[in-house]
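Both complexes below contain chain A, partnered by chain B and then by chain C.
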Partner chain A sequence: MKKITKELLQRIEGEATLELDWEDDKISYAKIKFLNFRGIEKILENRPFLDALAITPRVCGICNTSHIIAAINAIEDAYMSMGVDIKLSKKAKQIREFALNAEKIQNHIKWLYFSILPEILELNGEDDTNIKAFEGKDWIKAQKICSEILKAMAIFTGQWPHGSFCMIGGVTCDPTRGDIYEAMRYLENVIEFCEKEIFGVSIEEFLSFDSSVQLMGTTGSLQKTVGTMVEHNVSHIGKSYDRFISLGESSSKKRPKKCLVTRVINADISFVSESLKNSFFEEDGYTYSKSAMYKNKYFETGPIARMMIVKNPLIRDFHRKYKDSILTRVVARVSEVAHLLNKSKKILEKIKLSEPSCISPSIPYGSINATGIGRCEAARGSLLHKIEITRGMITSYDIITPTVWNLGNGSKEEPAIAQKALMGIEEICEADLVFKAFDVCAVCTTQ
Partner chain B sequence: MKPDKRSTIVWLQGLTCNGNSHSFFNYPSIDIFSKSFSILHHPQIKTPFSIEEILASDKDIDFLVIEGALSRSDDILSRFDFSFEELLEKLSKKAKHIICAGSCASYGGIFRLQNEKKIFGALFNAKESGGFWKENSKVVNISGCPMHPRWFVETLLKLHFGDKLSLDEYKRPKEVYSYLVHHGCLRNEYFEWKVDCNDYGLREGCLFYEHGCQGPMTHANCNKILWNTVSSKTRVGSACLGCTEFDFPKKRLYETPKNMSLPATPYGISRRAYYSVTGVIKGFKIDRLEKRLYEEDN
Partner chain C sequence: MEQTKLYQKISSRLGELEKFSPMKEDMSIAQLMDDKGISRRDFMKWAAGMTAMLSLPASFTPLMAQAAELTDRLPVVWLHMAECTGCSESLLRTDAPGIDSLIFDYISLEYHETLMAAAGWQAEHNLSNAIEKYKGKYILMVEGGIPTKNDGMYLKIGPQAHTGLSIAQEAAESAAAIFAIGTCSSFGGVQAAYPNPTGAKGLSKVTDKPVINVPGCPPSERNIVGNVLHYILFGTLPALDAYSRPKWAYGLRIHDLCERRGHFDAGEFVQEFGDEGAKKGYCLYKVGCKGPYTFNNCSREKFNQGTSWPVQAGHGCIGCSEPDFWDAMGPFEEPLGNRLYHTLYGEGADKTADKVGVALLSATAVGVAAHAAIAAVKGAPKTDES
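Moving on, here comes the complex of A and B:
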């Protein structure tokens, strides 16, 4: 018996759909379709290259800071390829990292409280009014804490979304010590929320965990999520290739790395390729999203990839039991919040304000003829910007977002990451959950 | 007058980055907002009703919020089971007010640049009137890339409470858009005395002369109410990009276009007035303004 169902996912109304093929009551293939296209890469052409710092953040309202960082990295890489010395002060690097961390923290918390928890509680059959959007007690608490971490960030970036604070050679802001204390005050509020509501233990204690048993002994929303998934037997679903990649400059891993099951190896971005297969840019295409590969193979990117690559003991323990299932994906993403808070606090404690914010190179913009690649680890994974500059103007711009790695389309014989995770699932609601766990962002997927 | 029930909101997205949604989520008191409003549908958030259910219902809605640029072409903007054009027409007829959240919904914004004839805002195509609709008296524009959450919430509150809402020529609330970003900028003294910030990363100096700042000609109260309650672009040494105006994004956002080595004049100031004053002031060198405010010791 073979039936074909076309399912429209409510949460991402109108922007993405899953077309599911069923065989013997199991999903035999899934097509992931994105139907809207904005053409940002084309809009960037024939503009002065600095405009990329203002335009590329508008790819995505939730990961705009990551796009500025990738764009400035690409521009600085282009300068360096011309032999121009770009020296960033430690302070400038710390401010860029703090902003990126804050963006990831709010993104992970929104994902947990706005997307994952409402679904998890539904599995329990709970009609929990506390998580009701815009009104429920827990929803509001999470929303307030997201705006709190963004205040800490805006002290350096001016605003969020769509702040602009990066320039060639550093950052544009020039914070005072009082500003740092203010950022710390907001950060402390976020830490308090996460300890009380998400982890149920202090950040310090959570970071010392190396086994899933320790996590199960806590009482926060992370434990509740994991417990409910195990109880309802959805902890093992959503496995993909067990291949991970992290290309960005995150603080713990400077060089690109990949991880095959548990083995970590250096990666080389020259092996990254982008395919237009199945997209509207080619014949018989059905989506606007492209797909990204490394050495012609699909790799998963995101918090789970970062955690596997740094050999985080807690995530490695979940991985031993659940492989690259939805459960490991969820725990990796939420756990990363604790790491990010810890690192961000250290940045604020250590920052030296007497260092210069920006050391601008003196070469005129119009004399830049070069190409550059910018890497960055965004909330959902590796982000790449490639810029080609001729006499100071952009002649070509290419963006590969994390969701292009995870949510592209391959073929039935060689499905892409999310497609593979969906195949074999027996219930629509489970497919829905697995898909959401990748954090579907239509705007990032189709720039 | 206190209305006896909450106003209903349906949020619809065209070609967008979701930035206005996330800006709205920064509003410091969404719980208090929810005492006056009930969001029936938001595409990014689990809300009580689907778009299909809203369409099938015979109930009217108080606010239709549009985020993102619009188009009447199916190949540019589409939904799976019905056309976006049809969807927007139907919803707009059910709505008492239409709120364009952000510059894309107001004028077409950044995404309009992909196809300037077929992508536009609700009532405007950049500066020209006539966008998705030629006329529609229900529309209020809250321009900005993104809009500030307070601009949005306070406009909705006025309409909810039945207060009078005066709009400017671009259908924007005057209370917000009569201000310029320049108002409240901490670099105002440097602007007055024509002292440029010689480099990035300094809290001193003005960004208007060399670094493309459009604060003196951009309508918005950013430096009055601040972003995320704490800061603004100019406060962190970055140029105002003019994101509330119909021509956002201009080309060369980080360079000041010059006419005979002079920058454009601030909004509503004649060239004669501005250049005469500039000429006089340029003759003076103010030592205090050439120095750092103070040196950081640690």
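Moving on, here comes the complex of A and C:
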């Protein structure tokens, strides 16, 4: 029996429509439609290139720091390709990383509490009053913690969202020791929340875990999520190609890498391409979203990709049992919070305030003729900015967001990542969960 | 005398409002605060702060508290248009659950696409329900610019794929008061920058109804909540400036109340980011601060629960709450006043910022630039010696 249903998805950043084809009570194909478009790439053309630092963050209200970092990386890459030496002090690098970490932490926590946990409670048939938007105790607690980590960030960026704090050669803030203590205080509050509510054990202990059994012995909301998914038999759904990619730079990984099942190899950015197929920019299109590919193949990006690539023992253990299913995806994202908190704390402990914040290269903007690529690992995965500068003006700007990797549309024969994960599912609530596990961000996807 | 009259007027208005039965009968604001561990003292402190922000005399504080307690009589519908969700983030997430958001979010939000519990079809249903049920009584808050090119096809919402344009117009039709939250909704915002591919416009350009603009990218939470409370207190729209911005929030320039203003007056400037001046917290005008041309209260209200604001963190104001942001405020990191303007307004011809009419008296722009120039000639303190 064939039928087509339409599901409207909200409670995400922006809105998406899922059109599902059913055959024999199973999803046989899914079209993911994004119906908003702003044309940010077009707007960037013919402007002084520094404008990218103000305009690109405004692509997205929840990962604006990732965009500003990708943009500054692209500009600095362009400078370097002209042979201009960009000297970033360690302090400047640390501040950029701290801000990015803070943004990821709040994104991950929000996603767990506002997208995943409500679904988990529903599976359990439990009362959801505690997690209800604006009302539930847990909702409010999670909300408060997101503000705490963002306050720590705002000390360096001035405001969140849309803090302007990056400049060629460093950052614009010059924090004092007092600022660092204040940030530390906020960070400690977040750590305390995560240890008590999410992990049920100390961050150190959680980071030492290398098997799923250890995780199941804890008592936090992560354990509850995993337990519920296993109990209700949704732990194996949502598998895709088992191919991962992570292009950005972080303190644990410098170069772009990909991972085929469990084998990690270097990746080369020049093989990344964007397809307009199925989009309104081509005939018979049905979405404003493009699709990103590597060597014409779909790769999954995000915390699961990052964890698989750095060979994190805990995630590798989940992967052995559950492959790239929704369960591994969820555990990878939540456990990344522990890693990020740990790294951020170390940054604040080690930062040397006497180092320069910004070392501006002395070359006039108008003399810049170059192209640059900015890489960044955002909450939902790899973000790329490609900039082409002619005499100080942008001649072309290309933004490839994480959700374009995960939530693009392929064909029935070769579905994209989320499409493949949805195919074969029998229940609409399961499809919803699988889709939400990718964490849709419509505003980034279509810009 | 004036004050007594005003006091009485507000008192009687609140009395009227109190007669309505609460929308959520099982939970009063007092109970809610009790549950969340907010003391009466905290609440009164907050009310005092809000009173001061709206430039009302301190004796009005109890009225402010009473008004806040009444907010659950006021349904709010929040719509998303072409935007980045940053305004919702600023308001509903970053600051929550500060007492201001607590009252605002919990009590009165009838419809909010991103955050509401119901999703999909049911949410769509809720929107038309809210519009129907509270016809003529709800406050409409719109986040995002309205794409108008090609009949608004760049933004379709809901299973019926209505355009954002038609939904915004319909919701505006039966609203008691309309607030355009953020620069996008107020003036079109970043997506309305040249060449404005989707024909994005501010809400006031697509409806005949009066719209109060609360610009900023994002606006601070207090500016949003303050407007709601103002409406409850007076039952009328606040005094507005030429761009329909409430004067109590947008009456002064960033420059007027800037914590680095003393350095401007003393001719002490940051010449480039990372220099000695930057370490000392000098004025950021020469590295592109648009504070002298921007009307907003960021320097007073700050962001992220009063944690910081751009100038405090060493970056100039970028003028995000002015009309035609970003076109009027580019290029980034360069002062506006004395620069030839790369035109987005005319074909090829460069114009100086003031000629283009950048949202401000051109005299100020020239004056500021002149001051900066003179200060430099007179010799700003030789920073590298110190």
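Here is the rule we go by: the second predicted complex is superposed on the first by the 443 of 447 C-alpha atoms of A that agree within 3 Å, B and C clash if a C-alpha of one lies under 4 Å from a C-alpha of the other, contacts with A are read in each partner's own complex, and residues count from 1 in each chain.
The definition used in the following text is that contacts are C-beta pairs under 8 Å (C-beta built on N, C-alpha and C of every residue); 3 or more make two chains touch, one makes a residue touch a chain.
Computed from a predicted model, the values in this text were never measured in an experiment.
Student: Based on the superposition on chain A, does the combination of chain B and chain C result in a clash or a fit?
Tutor: clash
Student: Looking at A:I68 after the superposition, I want to know if it touches chain B, chain C, both of them or none. Which is it: first, second, both, neither?
Tutor: Neither chain B nor chain C is touched by A:I68.
Student: Now for A:R177: first (chain B), second (chain C), both, or neither, which partner does it touch?
Tutor: After superposing on A, A:R177 lies in contact with chain B but is clear of chain C.
Student: After the superposition on A, what does A:V440 contact: first (chain B), second (chain C), both or neither?
Tutor: Neither partner.
Student: Quick check for you: in the superposed arrangement, does A:G39 touch first (chain B), second (chain C), both or neither?
Tutor: The answer is both, since A:G39 touches chain B and chain C.
Student: With the two structures laid over each other on chain A, which partner does A:S354 touch: chain B (first), chain C (second), both, or neither?
Tutor: In the superposition, A:S354 touches chain B alone.
Student: Once chain A of both complexes is superposed, is A:G163 in touch with chain B (first), chain C (second), both, or neither?
Tutor: After superposition on chain A, A:G163 lies in contact with both partners, chain B and chain C.
Student: Could you give the residue numbers on chain A that contact chain B in one complex and chain C in the other?
Tutor: 8, 10-15, 17, 35-40, 42-43, 47-48, 50-51, 53-55, 58-62, 64, 110, 114, 118, 133-135, 140, 143-144, 146-147, 150-151, 154-165, 167, 169-170, 172-174, 356-358, 360, 443.
Student: Sort out for me which residues of chain A touch chain C in the complex.
Tutor: Per the touch definition, chain A meets chain C at residues 6-15, 17, 35-40, 42-43, 47-48, 50-51, 53-55, 58-62, 64, 106, 110, 114, 118, 132-135, 140, 143-144, 146-147, 150-151, 154-165, 167, 169-170, 172-174, 288, 356-360, 443.
Student: Under the touch definition given earlier, write down the residues of chain C that touch chain A in their complex.
Tutor: 36, 80, 82-90, 93-98, 105-106, 109, 113-117, 119-121, 123-124, 147, 154-159, 161, 164, 189-191, 193-198, 200, 217-218, 272-274, 278-279, 281, 303-305, 307-315, 318, 320, 326, 330-333, 342
Student: Can you list the chain A residues touching chain B in their complex?
Tutor: Residue list for chain A touching chain B: 8, 10-15, 17, 35-40, 42-43, 47-48, 50-51, 53-55, 58-62, 64, 92, 110, 114-115, 118, 133-135, 140, 143-144, 146-147, 150-151, 153-165, 167, 169-174, 176-177, 182, 352-354, 356-358, 360, 365, 443.
Student: What residues on chain B touch chain A, complex-wise?
Tutor: 13, 15-23, 25-28, 30-31, 33-34, 39, 41-47, 50-51, 76-81, 84, 110-111, 113-114, 145-146, 199-203, 222, 227-239, 241, 243, 249, 251-255, 295-298
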